[in-house]
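Below are structures written as structure tokens.
The following pair of complexes shares a single chain, subunit A, combined with subunit B in the former and subunit C in the latter.
This part shows the complex of A and B:
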């Protein structure tokens, strides 16, 4: 294997070396939560091994976006990796060994720092040769200007310029016309994958896959119903994993459905026995944005210092619908809706501010929320321009609202200590906790 | 840098550009006409003309602050919508009978949401733009134009026939042809008009009735044909970027000795370099023009190689010595585009200067210094 290919796998190999012992450890000493944690880690390991195998053996594989339907990729039996996941996990930027190195690399790119750091980091990883170069690439044009620009820059890079790319183009509105338009693009995506990988789509296999992911989504919804209870059963990691589990390799695998059953059962038990993962909960927070890389530090402090619990967040909130599998058309329409209306960021960032009002209103009411925190990632400029609408919605609901202003990737922008200070001042001023 | 040109029409263009609600808009309104505001190049303003409504492209010209709009926008938002929305909250756009906002960028699209909640306006429409430039997007845009026509007809009690739409296309195409004729004059060694003057001409065209504009352009062309060309420039520049509507910005570049001879900006060639087809279905023609035929900005996905070629063609046609890439702070579309432009221009051996700015001109001293240094690097006279 040439040097470039080897380098493109280096972070994945590093992460594999880190997670494989964790798998063994969890098997030996599962503890109270091991049965829920093990499948998540195993999934990462399996995903990475698959990518390594593809690169080493010259097999076809794709790079994709988290919004592109995994059901289609699974049913077409093609391996893929999400390069945004590389950013959060395999790059080590998730608070790991390479965080500062990657940020410094991104700073040297000649891209102004008011540009979303996730985009700058993602581009740095590409320039540094840390993404495996796929057979073909599934991009997307939303939910924000920087994502569209990022993919354009991706395809401009000399090593990627000749990689075939398909980008579905989510419409701004969400009516029937929009759904039909996007469903047609999902079909175009299938044709594109066939053209470049030789893999075809078997509709029966797609139906089976969707029916299985439907079960997962139904259980995720059930789990989120249980999260309404106070105290909330779990801290933030497991709820976030709900999104990860269904949207990565192995979608449609009954093993994953079992994981959702287990998490529901665990939550039910904790509620029944009044034994939440994190006890002494006093403040129920709705975290309305994606989580910073350094979220673990913030949440541990929040829980211990204030008894604050993330009762709901943008990523684990689940406005999904189950897909009607009765016809081919209904499946593609359902997959289209799931892809451009329901997923995190595409749901909130793309489209009218009504989505924001709906989310806040429903979640504050359903989850007995004490306060809404809008972290305000510096890249989410459309959301920043909706912050007054969020504030007004919270005012009408009678729930305090805090807009922090941080960088989910770069802890130097607003440090963890500054974030803690802002939250403490807010809680104190609002008489919470 | 000034030309020796004596043109009453050019002075009139400057006056129109120097204010938002110019006398022609007021006169139109006083005569019972309707006015619809809009943003960006990708709104089909021919439709408003066909409806007998004056399309007025909104700017923040004359804005002195963002005290009111800062409550609705954040410090990480572009200053253009903040100034425009501030003017709206100050009731400086109360003259409007309607507003059409496209989802052209993350900052502008939120004007729709905030306007909806803070201000009363009879007609407020979000125009749903696709990002890609392929056939399904042409059809999507065509449907959007149909929907817009239906809504305008209902709201304003007008009938927008295909014939009216075709006539509007012809009128707007005439705008485009006349502007292109002026640009032809800028290709020569000693162009008769500066970049600052040109921007005043173009901006004015988005703020007055288009038939009146055509007459004024014809007068200007006559004046320019007899004018003496500019000889004292050190280098020929192209300006590349987004919403730049302030002639003074160009004046500063040109005061240092650079003569702006062409551009690819929102109030520049991207508005008129190609024409809408006057044959066949006018809805289809407008859609194809907007999605595939007009020079695009970075919001259009998959079109970067074509944009890069357009840039190189312009450089060659206008004998450009160096390119200035301007960008409004916090604009993520142009940040990535300029990153790619930087690489493409380096490969082509064309000097490129990137300049970030706020919408309302500030930091003039710094701007002068950077442009001076760039011109020196170009090795001008």
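This part shows the complex of A and C:
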């Protein structure tokens, strides 16, 4: 294998080396939560092994983005890796080995500093040759303007400019015409994949896959309802894994549905027995944005220092609908809605701003929220534009609101200590602690 | 004439010719609270009903759900305290998952567009009623009733009363309130959904206008005719048209 290909796999190999022993450890010593944590880690390991195999053996594979329907990829039996996941992983999620190296590399790219750091890192990983180069790429052009810009810049890199790319064009509105338009795009995506991988779509296999992911989504929504319980059953790791488990490789695999069954069963048991994973909960927080790479540090501190619990978060609260599998059209329409309307950041960031008012109002009441924290990631200009609407809504509901202003990827922008300090001052001032 | 008067009339038309059961409740909140078999008020339930504790499910998306609120300044259009039920009542639904429709009609001479968001807050009963939960992550009304509450006497009349208590206690401008529930079949709920779509258009316009008054734009003006980039888009369309005529244009959003 040439040096370039080897480098493109280097971070994946590092992650694999880190996670494989974790799998073994969890099998040997599962503890109370091991049966729920093991499938998450195994999923990452399987995904990485598949990507390595494709690159090493010259097999066809895709790179894809978080909005594209995974059900189609599973039903077409094509290997793929999730581009943004790769970004988080390669950059050292949780503050890994390469965080500072990558951030400094991104700084040297001459991209304006006010551009979203996730996007700047994305470019850096490309320039540094750290993305495996796929047979074809399924891109993304929503929810924000920066992503549309990223797509254009990304496809001009010499290593990628000859990679066939399909970039779905999301409409602004959400009416029937818009759904039909995007459903047609999804059909074109199928044709595109066939053209470049030779894999075809079997509609019965798609139906089977969608029916299985429907079960997963239904259980995830059930789990979200259980989080309304006070105390809430789990700490932050499991709720955040719900999105990734269903949107990564193996979507439609009954093994994944089983994971959702287990997480719901564990949450129900904890509610009945009043045995939350994290006890002594005092402050119920709604975290209204994606989570920083260094979230583990902040949430552990929040729980230990203040008894604060993330009762609901933006990645979890999405208006997913189960897809009607009765006809081909209904399936593609359902996949289209899931792709361009329902996903995290998409539902909130692309609008309408009315979603912000509705979500905050429902969540504050239903989840007995004591305060809303809007981290205000510097890249989320779309959401920053709604921050006054958030504040106004919270004021009307009588719930305290904190706008931090941070960078989810760059701890140098606002350090974890500064964030903790802001939260502490806020809790104290509002009499929550 | 109020913005929703036409829709209130449409609900009346919808009810005509259907087999209904009617319950007449007292107008005052104090009287509504008398002799209730379950608790009504903030924190009356812990927020959730687990699957194992569920007696019946209302409005699962697989069955169908439709819910909306309409309001008017004309108090003669709303029969205060009236609850109308089309279909079976809760005690007859053990273990069942049925389609669900919920219409709240509200009247008060002092009602205006500013009230829209406040009344919407109270249509999802949240933790206000013992033994009843509306799921949070669904955009439609998808409810659960607990076994314990049914054993105590919970039924649609109690749900209607709880909605009236919740609404009248929190929105003092309300002078009259009427409730319609549908549990009969998918078709009945679907027909109600046709009114709901029209109501939702009016609702969205009201909310946008209210926030506009406060200085916030919830929507963008994306009308092509008023967009300053129209000339550019027109040029691109011309180029694509010319390419298509030459047979060189690529499909959809694909490149490369």
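One rule holds for everything that comes next: the second predicted complex is superposed on the first by the 428 of 433 C-alpha atoms of A that agree within 3 Å, B and C clash if a C-alpha of one lies under 4 Å from a C-alpha of the other, contacts with A are read in each partner's own complex, and residues count from 1 in each chain.
Heads up, the rule we're going with is that a residue touches a chain if its C-beta (ideal position, glycine included) is under 8 Å from a C-beta of that chain, and two chains touch if they have at least 3 such contacts.
These figures come from a predicted structure and were not determined experimentally.
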| item | value |
| --- | --- |
| Fit-or-clash call for subunit B and subunit C when the two complexes are aligned on subunit A | clash |
| Which of subunit B and subunit C A:363 touches, first, second, both or neither | second |
| Partner chain(s) touched by A:182 [first = subunit B, second = subunit C, both, neither] | neither |
| Which superposed partner A:144 touches (first subunit B, second subunit C, both, neither) | first |
| Partner chain(s) touched by A:353 [first = subunit B, second = subunit C, both, neither] | both |
| Touching partner for A:167 - first (subunit B), second (subunit C), both, neither | both |
| Subunit B versus subunit C as contact partner of A:388, first or second or both or neither | both |
| First (subunit B), second (subunit C), both or neither touched by A:19 | neither |
| Which of subunit B and subunit C A:110 touches, first, second, both or neither | first |
| First (subunit B), second (subunit C), both or neither touched by A:236 | neither |
| Clash-bearing segment of subunit C relative to subunit B, given 2-10, 20-28, 128-136 or 218-226 | 218-226 |
| Subunit A positions touched by subunit B in one structure and by subunit C in the second | 155, 167, 169, 172-173, 184-185, 188, 352-353, 388-389, 392 |
| Subunit B partner contacts - residues on subunit A that touch it in the complex | 109-112, 114-116, 119, 141-142, 144-146, 148-153, 155-156, 167, 169, 171-173, 177-178, 181, 184-185, 188, 349, 352-353, 376, 378-379, 381-382, 384-389, 392, 403, 405 |
| Complex interface listing, subunit C residues touching subunit A | 46-48, 50-52, 61-62, 117, 120-121, 124, 126-127, 133, 135-139, 204, 207-208, 211, 214, 216-220, 222, 251-256 |
| In the complex, subunit A residues that touch subunit C | 155, 161-169, 172-173, 184-185, 188, 191-192, 221-222, 224-226, 228-230, 268, 271-272, 317-322, 351-354, 357, 361-363, 365-368, 388-389, 392, 396 |
| For the subunit B and subunit A complex, residues of the former touching the latter | 71-78, 81, 103, 105-107, 109-110, 112-114, 117, 126, 128-132, 136-137, 140, 143, 298-299, 301-302, 304, 327, 329-333, 335-337, 339-340, 342-343, 356 |
